[in-house]
Amino acid sequence: MGRSPDKLGVPMGGLLAVALALPLASYRANRIAPAEPRGLFEALPLSWALAVVGLALAAVAVALAARRPALRLAVSALMLLALLMAIGEAGRTLSAGGAQYARVAPGVGFWLAAFALAILVTDAIVRLRPGPLGRLAALAAALAALGLILVSGQWDGLSVLAEYRGRAAAFWREGGHHLQLAFGSLAVAVAAGVPLGIAIHRARRFKAPVLNGLSLLQTIPSIALFGILIVPLGWVAANVPGAAALGVQGIGMAPAFVALFIYSLLPMVANTAAGLAAVPAGVTEAAAGMGLTRRQQLASVELPLALPVILTGIRIVLVQNIGLATIAALIGGGGFGTFVFQGLGQTATDLILLGALPTVALAFVAAVVLDATVDLLPGARR
Amino acid sequence: MSAVVAAALRFALVALVLAFLLVPDAFAPLLAPFAPPGGAAIYDRASLLALTVSHLLIVVAAIVPAVAISVGLAILVSRPIGAEFLPLSRAIVNIGQTFPPVAVLALAVPVVGFGAWPTLIALFLYGLLPVFENALAGLTGVPPAVAEAARGSGMTGPQRLLQVELPLALPVILEGVRISLVIALSTATIGSTVAAKGLGEVIIAGLNSNNLAFVLQGGLLTGALAVILYDGLGQVARLTARRG
Amino acid sequence: MIRIEGLTKEYAGKAVVRDVTMAIESGTVTVIVGTSGSGKSTFLRMVNRLVEPTAGTVEIDGVDTRRMKAHELRRRIGYAIQDHGLFPHWTVARNIATVPRLLGWPRARIAARVRELLELLQLDPDEIAPRYPHQLSGGQQQRVGVARALAARPDMLLMDEPFGALDPVIRAKAQDDLKAIQERLGSTILLVTHDMSEAIKLGDRIAVMSEGRVEQFAPPADILTRPASAVVESLVGEEDRPFRYLSLLPIAPLVEPGTAEGPPIGTGHSLRDALAEMIWSGRQALPVVDDEGAACGRVTRGALLSAGRPPR
């Protein structure tokens, strides 16, 4: 038929093929021993290795030649799942044979293959143009698959999970802190930012100064702001009666919480004001002309119409907060950053991953869910 | 009137930062109350000036290639030949921005080890996204009538790009560079946790030794640098926008 | 009866509307016509207090509007504007129900009223009511805007360039429909436009505004035949004047006994329609039929032309 191969299929299919030839896993005899690469056939039982190669060839072929997005999605998602199962199998195989301190981590081949497949899956989903419900369903399916793999114990041989087993209690506790920081500061920022956004929308004189001021605050590097806040909060804890009892401290969660709140203000205020400004002039004119009181105009016309933009602000804040909450660990504020910085301190890659992977996953889930919510709003099709 | 005030504030901030970098000891009395008993008030393990220069060098070394590559990619996907990749690249940018800079930095360490390299890589990767996104928005946002007029007057593809599309997109691209720079400056501060030379070192040393004077001077210095850079690039962007 | 006394609006010491006084009879259509910047919209918006006057009063049926709360006043006055201002997040039914809901009408009464209004405006209630504004055509949106303005049986209707966003064909139809509805309901309408033809077509009386002042307030025929100032004359347009005047005159008084060749014309048409038909078909006279289609005589070109010469 003489069709030219798919433009994305060539680089990604090629990358996938190259990745198979690179070490699938890295093996260390114990936590501090140097890493040794293990290729596909060294790391996996022959049946698994052959299955992976076979599926990968099919995936490359589909990436190069298939046009139908549904087929491309099915095959690359299946291959991604197989890869995730295979790395767990490699962990089990390599740490078998009595090496109880052996550490198995994904190798460069795994990461490259996972990257190529993730791009192919993303591309197929984008080509399918799913609606918000379709995207949520895809996310739910991916989370369910991940949950099943974790629960089934398929990954128990991997060193990240070895790190997890050593600190399961700490993991969930810090996870809780992380969510408290991210969502708590978001809640306060919404409570303060939306009214402030409404206020500067009404009093236009203050709009530019307030937004400029908030964006200057936003530019201050996170560690710097976290650090600077230790001083005033320490003073408050020491000098305001009752503040310390409420958990206000110079170090710990309080400065982290305040810093995240400060960073959250700009997106909330700016998006609220922008959402209100985007309400068509004819609509506000009509609302006033129909005899809606000022409060009714705001509650039943302006805010509902601004809601998608305000929600987009919440999405920006949430994703930003989930990332920035990692820094809180540096000032004793807890969160997944604890593991990241411990891992950096101990040169322990697995510990870094234990902190970084949940952070990335949380931010990703928050972004997908909030994007879909924005699209699900009744006014979104306008 | 307010322009005069802004200019005066700008000048004062730059002067203050320069003074602090050149003669830090002059500020010791101000910071001494925050230092622990017997502790130094001014960071003494390295010169603040050298740390600042190194901090800025890392940022520039990462951002320059990031800008070049992301503008190039944006040009590519906004041409007919790369149009197929447009939706995918939008999705990647969208997903990529959900990755926290700290995570990117931390994940680079296992691959390239400690030092300036993981910081450079994280800054480079994170610098790509805002510039790419803005360049794409600028290049695809050229008003249809203008694009049509450029075609109608007989410009070739490259002529349209160089004489019409890029100049019109320039302010938007610069805004992206501005965002990238601020993020890079912030992430470079975290780079000190992986042993990159920079101002984060001062803050982290202060946190580790309970020396609030270090935390404050490091924090205020990086904060001031970020504000100066952000504001300065904003001025540049305004100049180009006025011309356009 | 609406009585407007010395109505004035100044912004930063500059008068946009100056000392306007007029009386508007209930059940009539008053059209404010003027160029942009003439103050006509500001004048209209002072009637429902979207703009608070600097000086002067508006009385509706003897009650000074300043004695009511602004939002309560507005609920008694229908309001329709150029880009219709429909609430994009509400269905057509909910949009039309805006003021009745504010007034706390019972549910069933609102539903019945929405249905009645959609039918009045020749929109299929079952099809249109559940839709969102963006799913309607421009003409449908405009009609829903009028339905919403009429919803709570207001004392009067304010319309600011209500047909401004429509293309000429739909615009003419919308004007005819509005006229028919007004005649049926006997509403009091105050309508703002920049289009003199629209003013002549719709207005019982026309107020010509320029630089914040009312230059002339008179029936359309007087505006055409006896313009009070150069501004009014230029708005009327010298070359179109005779035809606009003919369009105001009905055929009925000119019907004389006799017969004529060719297809007939109804008594309801204007002399302008009759002249157009004579020119196009090359006839000296047209047979005239009444509303039932029964022949009642003819109209001749000579009679028509002398009737079209304005009284001096």
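Things worth noting here:
We just call them A, B and C in the order they show up, numbering each chain from 1.
Going forward, a contact is a pair of C-beta atoms (placed from the backbone, for glycine too) under 8 Å apart; a residue touches a chain by one contact, two chains touch by 3 or more.
No experiment lies behind these values; they were computed from the predicted model shown.
With A-C and A-B as the two chain pairs, more C-beta contacts join A-B. At the far end from chain B, in terms of centres built from Cα atoms, lies C. Centre-to-centre separation of chain A and chain C, using mean CA positions: 58 Å. Between the Cα centres of chain A and chain B there is a gap of 22 Å. Counting only residues that touch two or more partner chains, chain B has none. Those residues of chain A whose C-beta lies close enough to touch chain C in the complex are 280, 282-283, 285-293, 296, 301, 304-305, 378-379, 381-382. If you check the complex, the residues on chain C that touch chain A are 48, 50, 71-76, 79, 81-89, 98-99, 102, 132, 134, 145, 148, 158.
Within the complex formed with chain B, the chain A residues making contact are 7-8, 119, 122-123, 125-127, 215-216, 218-228, 230-231, 234, 251, 319, 322-324, 326-327, 330-331, 337, 340-341, 343-344, 347, 349, 352-353, 355-356, 359-360, 363-364, 366-367, 371. Considering their complex, residues 34, 84-85, 87-88, 90-92, 94-95, 97-103, 106-107, 109-110, 114, 182, 185-186, 189-190, 193-194, 200, 203-204, 206-207, 212, 215-216, 218-223, 226-227, 229-231 of chain B touch chain A.
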